[in-house]
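Going in written order, the chains are labelled A, B, C and D, and every chain counts its residues from 1.
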Amino acid sequence: MTDAHPTGIRSWLTTVDHKRIAILYFVVGFAFLLIAGVEGQLIRLQLAAPERSFLDPDLYNQLFTMHGTTMVFFAGMPLVVAFFNFVVPLQIGARDVAFPRLNAFSFWVFLFGGLFLYASVPLRMMPDGGWFAYMPLTNPEYSPGLGIDFYVLALLISGVGSIAGGLNFLVTILNMRAPGMTFMRMPLFTWMALIVSALILLAFPPFTVGLIFMLFDRRFGTHFFDAAAGADPVLWQHLFWVFGHPEVYILILPAFGIVSDVIPTFSRKILFGYPVVVFSGVLIAFLGFGVWVHHMFSVGLGPVVNAVFGGATMLIAIPTGIKIFNWIATMWGGRLRFRTAMLFAVGLVATFTIGGLSGVMHSSPPADLQQTDTYFVVAHFHYVLIGGTVFGLFCGFYHWFPKATGRMLHEGLGKAHFWLAFLALNVTFFPMHFAGLLGMPRRTYTYAEGLGLDVFNLISTIGAFIFTLSFVPLVWNLWRTWRRGEAAGHNPWDASTLEWTTASPPPHYNFAEIPAVDRRDPLWHPYIEPEARGEGDEPGGAAPRRQPDEPPEPVVMPNPSYWPLVLAVGMLLMTIGALGSLGLTLFGLLVTAVGLFAWAFEPPFGEEAH
Amino acid sequence: MSRHSAESHPSTRLYVSIAVILAALTALEVMVFYIEALAPVLIPILLVMMAAKFALVAMFFMHLKSDGPVLTAIFAWGTFIATAIVVGLMAIFGKFGA
Amino acid sequence: MLFLGVLVSQGCGGEYPQSALHPSSDSATLLDQLFDQIFWWAVGVFVVVEGVLIYVFVRFRERPGDARPKQVHGHLLLEVGWTLAPALILVAIAIPSIRAIFIIDRATPDPEALVVEVIGRQWWWEFRYPELGIVTANEAHVPLGRTVDLRLRSADVMHSFWVPRLAGKRDLVPGTENQLWFRPDSVGVYHGQCAEFCGTAHALMGMRLIVDEPADFERWAQANAEPAAAPAAAEARAGQGVFMANACVSCHAVRGTPAAGQFGPDLTHFASRLTIASGVLENTPANLARWLDSTQHVKPGNLMPEVQLSDAQIRQLVAYLGSLR
Amino acid sequence: MEGPTSTGIPNRKLAMWTFIGSECMLFGTLIATYMIYRGRNLVPPYPHDLLNIPFITVTTFVLLMSSLMMVLALAAVQRNDLRATKLWLSLTALFGLIFLGGQYYEFNHFVHEGLPLSRNLFSSTFFVLTGTHGAHVAGGVIWLSTLLVRTVNGKLDARHAETVEIAGLYWHFVDVVWIILFTLIYLLV
């Protein structure tokens, strides 16, 4: 596919171009963010005052389940992966990912997973077990109907996509780096993408297994979580959180990576302590596998277990703190240009710290006995998930938007968006700390008068509306820029990494000629005094020059292909069939098999033209 | 590429001898299992032999020995974290006495 | 905001009957003190980080004509510093935490403790006093100054026992028995609530723990150990007839009568309770009538069906149940 | 585009190893579950009533030998000795099939002895764990068959040695997993 800009639905269905797949991921992920956001709004409406009956209990339970599940799996993850897709190949000087068709496949199964989950809405069968679906509440005896099956199957199928994506990016980053791009020269976002890919590969299988157990218990009468048969329902909690905790770091580390690239850019200063920031990321990921029990302190696993996992959890504060302090040190003595991206970056440092600190309060097992399953926890994780992940993603959005579209967003509207979001976050979620400590359990569709919770909940609800408001300048900004945005040029922010050497938007082959790298922050090479050079850098050399407009020799790019879509459709059919139609499952299996073989025997790379 | 690997990989004879060792170990495992006298130390012995077989296949049949550190690292991480989780969970569920 | 927090923690428990910041027992006090320690460390870190951040934000914003700043690759000493400082703070947090764990997560050492069995059910609580032969629901009386040793079990799904002012949470796990203990230090009615999502009526799965002077507790225990007294008033007797003639008996026990159902709360001394349906309604005749008339409206999803009853029958039932002191 | 890679390791080979690393967690979790529930079964039949060590030893041996066949096939294709390649590939697949046959017989036998999947805790954990492994073997057999067909049609030779090597990695991993299961499920019964 050499015709630079193929258009039309067909070209989107068959695309294997990482930049287009990134756009697909972003649009779908953002749509899910809005949907889940609306669900959050409805939750807040119900809780605005005590004993309201705006939502009935069952609907409320379905809403917070859908809200949490959607936000984590169908908004957070895809938005993260959208950035992996767009940025990583550009930052390492590659023309695409290692397996372009696998990349497309990952997107399609993710999309189908999300659509499948939301098919439960028109059918009025939304899952209602909470996003971690504790057994035995979720076994057929207490959760009849298909609700929980929608949850299980949707996460199983989209999990396949996640694992495929992790595989793809791990190989891409290990294998597709431009000549001279050693590990210690990789931009921080690429580093975090590498770590997160590994996390995905190691964290999802246990969840997959847990979901399969749950599916079998529900559909085939097995006894994995059946106390009466000698099993222990707590095993589900272990399997979920063995995955669940790494999952939250899957959501935060990319945000950390984005911020670690943006803060230096807008401080005009190279990252302070690059190796330490990288290593602390690795450490966070590693420790993340040894702390899962901190979600289960009230289960009664005994003093030794709680002490060990409490201690391990506290440790994570250290590498995270290192990142925070290194970011501040990067800004120290810099020339801070407060473009929107920079505001979101600084906003992340400010608000994530609050969430992190409440996390540390949880990490003390006895103290957590008064916090767990209350709004104190809800406050914690919204501070880290919004003040961390969402702010980080918006930061990246404002940073790379010009690169992706070739247009500049409007700064004024951007700033309005930031300040509204920043205000909303604190107004909505800070009061929840008090609500929690004053005795408000989470997942309660109402609360009694006279517990002293009314005022805090009212403030939270008001904050949620400011949140919705904060999307107005964003949407307006997009619309305006789409109508008439100034051209961006190659490197509007005077940033230091490879993606800024090529055109905005980049040609489908990314780089006319693969750049050679001989240092970190190659584009800043002229400004960096020798004594400030990192180990990664070599004296002399030259910054990679601006990419030529036309490739010197013809570039062979991967062919578009239908088969990833076919394969994904096959898996979707199997999933739907699993709701109760063996025939459909088998048919799906057939389609999957056909897709697989056709894929295997289709030549991945085309010659020029056609 | 395949050419170069053809030389750098162990020869047929080596493969066969590895297979023989594996077979022998398996036979040994089953014998141990049936010898009453060894009952008290059965578990450690079996685990050791299991690990040995695991290592042999990985190193020679899967060529980790000759294929260099990157792949070994990846595999090692997988097995390490997995083992850690298995042992950790078993400990939490009181499978080691205590 | 933080100020507000401090204010709240000063405010008296009356306004916050379910607050973890107003402990009234030894173990809740332990948890609260631990929380305070950690809280102030956190405040310290918060002030430092946000303070520096704001300083940087103001001090180093770009001004027209600025040249490129000096590039700094890193600073070993600084980095070691801000690795060690947090580490030390964490040690300061970890030590009291672990000390507390080994007190809280262990069975109570007190041999005199009063054992109370708690059985979580969708969506109400059953309390049994093995030593005193008492079975009751949603409300437990305990004596002041004596350690209470709870044995927690679940009849269906996960629940979590939480009376913030007396103790931290402990889950009720099907197939296992959990323990939780505390020694109340002042008389009063303490609000509690189920804290593990357990289905439709999870939000309305409340409870009351009533701490009495030992003498009052004795009196309560005596009375509640007795079977139900035969109703005197005519209307109440009629009510008993209705009760026995209807499905009620299949789910509710009234000791001393043929009613021996196990599915619902024991009603032997129902009238001595403060609330109806695990804290949803105050226990008044009017509310009781409301409950019997439309359980599903009062407590959506609860497992007591709406038995078809005439107004007269309801009046009689209210009289009967009201006589069960 | 598939030129020299940064690590010198071909993409697909690196991918297969990464996948194997991930599979470790999959089987790790399944094994953990089996081990945790060992001896907690409340409803007969119990493992020692049914597990047939001598029989399973034979199929284990067969699977082990299939790994040898696999490496020999790889060596052959690297020598571009296609006759040998065909021979060893078909033997590998055949041994895999024999193993599956054995497993089919075993499952069938258990069911007749009164241990359907939903019978008790043992049936649940045993069938899902060994079944997952069996599914992996089946997948491998299909994969090997496609390679065989391609060799027979002269579409596969030394230039595709890498493809065979990757299939081999997968096959050996499945074998390694069984080495563990054999010890943990059968010998430590």
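In this section, a contact is a pair of C-beta atoms (placed from the backbone, for glycine too) under 8 Å apart; a residue touches a chain by one contact, two chains touch by 3 or more.
Computed from a predicted model, the values in this text were never measured in an experiment.
Visitor: Taking every chain's C-alpha mean, which one sits closest to the mean of all protein C-alpha atoms?
Guide: A
Visitor: A-B or B-D: which has the larger count of contacting C-beta pairs?
Guide: By number of C-beta pairs in contact, B-D is the larger.
Visitor: Rounded to the nearest whole Å, what is the centre-to-centre distance of chain B and chain C, using the mean of the C-alpha atoms as each centre?
Guide: Taking the mean C-alpha position of each chain, the two centres sit 51 Å apart.
Visitor: What's the distance between the Cα centroids of chain A and chain B, rounded to whole Å?
Guide: 37
Visitor: Can you give the whole-Å distance between the Cα centres of chain B and chain D?
Guide: Taking the mean C-alpha position of each chain, the two centres sit 15 Å apart.
Visitor: From the C-alpha centre of chain A to that of chain D, how far is it in Å?
Guide: Here the centre of chain D sits 34 Å away from the centre of chain A.
Visitor: What residues in chain B touch two or more of the other chains?
Guide: 70, 77-78, 81, 85, 89, 93
Visitor: Where in chain D do residues touch two or more of the other chains?
Guide: 7, 9, 14, 18, 21-23, 25, 28-29, 36
Visitor: Inside the complex, what are the residues of chain D that reach chain A?
Guide: Residues in contact with chain A: 1-2, 5-7, 9, 11, 14-15, 18-19, 21-23, 25-26, 28-30, 33, 36-37, 40-43, 117-118, 120-121, 123-125, 128, 146.
Visitor: What residues of chain A sit close enough to touch chain B in their complex?
Guide: 174, 198, 202, 206, 232, 235, 238, 242, 289-290, 293, 301, 305
Visitor: Taking the touch rule as given, give the residues of chain D at its contact with chain B in the complex, in rising order.
Guide: Residue positions touching the partner: 7, 9-10, 13-14, 17-18, 20-25, 27-29, 31-32, 35-36, 38, 53-54, 57, 60-61, 64-65, 67-68, 70-72, 74-75, 77-79, 158-162, 165, 168-169, 172-173, 175-176, 179-180, 182-184, 187-188.
Visitor: Considering only the defined contacts, which chain A positions touch chain D in the complex?
Guide: Where chain A meets chain D, its residues are 95-96, 98-99, 163, 166-168, 170-171, 174-177, 181, 201-206, 208-210, 212-213, 216, 220-224, 226, 228-232, 235, 239, 242, 556-558, 597, 600, 605.
Visitor: In the complex of these two chains, what residues of chain C are touching chain A?
Guide: Residues in contact with chain A: 1, 4-5, 8, 15-21, 28, 30-32, 34-35, 38-39, 42, 45-46, 49-50, 52-53, 56-57, 60-63, 66, 68-75, 78-79, 82-83, 86-87, 90, 93-94, 97-98, 100-102, 104-106, 122, 156-158, 160, 162, 164, 167-171, 173-176, 178-179, 191, 193-204, 206, 279, 300-301.
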